[in-house]
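Look at the two complexes coming up: chain A is in both, with chain B in one and chain C in the other.
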Partner chain A sequence: MECVFGLVGKGFALVVADTSAVHSILLHKTNEDKIMVLDSHKLMGASGEAGDRAQFTEYIQKNVALYQFRNGIPLTTAAAANFTRGELATALRKNPYSVNILLAGYDKETGPSLYYIDYISTLHKVDKAAFGYGSYFSLSMMDRHYHSDMSLEEAVDLVDKCIIEIRSRLVIAPPNFVIKIVDQDGAREHAWRESIKDAPISAA
Partner chain B sequence: IFEYNGSAIVAMVGKNCFAIASDRRLGVQLQTIATDFQRIYKIHDKLFIGLAGLATDAQTLYQKLVFRHKLYQLREERDMKPQTFASLVSALLYEKRFGPFFCQPVIAGLGDEDKPFICTMDSIGAKELAKDFVVAGTASESLYGACEAMFKPDMEAEELFETISQALLSSVDRDCLSGWGGHVYVVTATEVTERILKGRMD
Partner chain C sequence: MLFLCICDAFMLSVRKIVNLDDHIALACTGLKADARVLINRARIECQSHRLTVEDPTDPSGTFSAWKANATGRNSNSMREFLEKNYKEPSGQETVKLAICALLEVVESGGKNIEVAVMTKEHGLWQLDEAGIDAIVAEIEAEKAAAEAAKKGPPKET
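The block that comes next holds the complex of A and B.
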């Protein structure tokens, strides 16, 4: 099952997701990117039904871009989180999306922030959060080792601890993870943690 | 579905004051997501609403209520009375009679001449007006017992705070889905005091 987790450090926020695309018992690919970069300073990690995940995050990304075009300034992370929640809530009693979201962003005035948005559109601002079966392990590791204002090294170390726990204790553990970071310099990919590399496609 | 997120809310009437308290846990069934979730919202200085039940519906309902109250303030140029607000909440909930919000509101306010008013309702808007205390949430049965035992009429603000805090903490300690501390608002005619309680953090 999909593992997504995230945490807030000193001046940055990290979102980590597994990169397996799974359909029932079959693993299609191991480099599926589940963390969408919404704009220069926002990341949206999503887990849940594959089609909903891709479609909904793209929808949010395009609407965030539209706001910037229309108004000339980007949305704050809180505004983007509330917009996302609103979209999920409106769809909830019509044709609901089954997507769980972790929205991380950096605002100049308020610094880094992380928002937990459930598939039934429960919104809460948090310091650390996780979805999926992996959450049972990563939340406990984070409860033990997390403290506010962690440095990047400490935070990545904690992320690695969580990944090791998931790999060793989850029966169908995803092999690869991607770590993305958002800080004052923007949202970008930080690192991959791979234990299986896809075989390179030979030229036709 | 009312027990999905876990909640506990209680409101009590005192002498020209009221207190409303809630727990702080946000959970997804057995897993705790956060320990600082806010369930009690201020509508205006003398009116508070606590929303127990499904957290997403509580958030949606709160946004609708703030919208309606702000419109009311623009049109009437004054704040809503608690009794009126309770009727508004009841009407909003009954509109969704066959596809309801899974929330139980607890409304507490100071009405005309700063007379305290509390009420609760079920998820389809059946009002329950009480003179002493009202409860809602997964811990409601424990809360009924604790409040009945500890309540006295005409308590002053300080004593009311102690009573409501003890009632809340002892009840949520018996309920696995609510707890992780408490959030208490004590409102008198002149001031609003907000306090965070530390109880059994589980």
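The block that comes next holds the complex of A and C.
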């Protein structure tokens, strides 16, 4: 029931992910961060097999860092997306990674961008995208309300609309979400949307 | 693997000081061609270490073997100089001491000297030629003043 979605606005891109770590019928934790900060201006939101998710995104993050040390300049978002797709493709017929990825980045020359990369190495450059059962609701809401060059306020409002739809319509909806943003000032956490906080430990 | 070579308009010579990671730098002397192979291996090893060990390396857990050292041509005389003059410097004094040591064996001038400073707050940053020349001028002025003082006072009869 993992939900990851994202969209591009005016001068920024947002990636939103649920924060539940689930194993079969058990919810381990409600504050699992599934959006990795690849470098100063890139975000990678991932959904899928928990082990693959952590392993693959960390592997990409370290390779992005290695490129920067070797060459003195960072990768562009497009280059990072194509590199990621290449790694998924290479592993596909041997040890495939079950991870779906939304890669958002900001480049000085080309502005914000969002890439859809699914577990069988499909790569698309998009304005809005979503993975998981939640995509049925968030894609519909975005198709209805999205327009290009949305302001941050409008975009976060649309994100909230999507989260409300997911919470009200998805049978086992994740309770909490995290919203991360990438713009010219870099990649960072923007907000959380929590409907459940971990219960405080009661005194003996 | 495609190797990309990037020429920075401001870099006129092969760099001898490079970043291996955010908190590790490497200075090299000798065959540059061999050095770049080893630097590449070291960079890969840094990221590989981060990937496997996961947590950022605590600097206090690694060997900080030397307070001062020298390598390459004339390293013996530089090491001697450092042994004589190292007095736990901090901040700008450290930079001055390093340049002083280099001046013992190298022609003075920013063109022949590369200085990189690593701090916790700012990571690795390199001094520009003007900055190095300024410190060299300061050192030479101090040396001249010391020489004058030596020749000056004994005039008592």
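Keep in mind that, in the parts below, the second predicted complex is superposed on the first by the 199 of 204 C-alpha atoms of A that agree within 3 Å, B and C clash if a C-alpha of one lies under 4 Å from a C-alpha of the other, contacts with A are read in each partner's own complex, and residues count from 1 in each chain.
Throughout what follows, a residue touches a chain if its C-beta (ideal position, glycine included) is under 8 Å from a C-beta of that chain, and two chains touch if they have at least 3 such contacts.
Note that this is a predicted model, so its numbers are computed, not measured.
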{"item": "Fit or clash - chain C, chain B, common chain A", "value": "fit"}
{"item": "Touched partner set for A:58, first chain B, second chain C, both or neither", "value": "second"}
{"item": "Touched partner set for A:124, first chain B, second chain C, both or neither", "value": "first"}
{"item": "Which of chain B and chain C A:29 touches, first, second, both or neither", "value": "neither"}
{"item": "Comparing the two partners chain B and chain C, which touches a greater set of residues in chain A", "value": "B"}
{"item": "Which of chain B and chain C A:93 touches, first, second, both or neither", "value": "first"}
{"item": "Overlay on chain A, chain C to chain B nearest C-alpha distance, Å", "value": "14"}
{"item": "Common ground on chain A, meaning residues reached by chain C in one complex and by chain B in the other", "value": "none"}
{"item": "Chain B contact footprint on chain A (complex, rising order)", "value": "85, 89, 92-93, 116, 118, 120-124, 126, 129, 135-136, 139"}
{"item": "Sites on chain A touched by chain C in the complex", "value": "58-59, 62-63, 65-66, 69-73"}
{"item": "List of chain C residues in touch with chain A within their complex", "value": "4, 6, 8, 19-21, 40, 43-44, 46-48, 50-51"}
{"item": "Touch list for chain B against partner chain A, complex", "value": "5, 26, 28, 31, 33-34, 37, 54-56, 59-60, 99"}
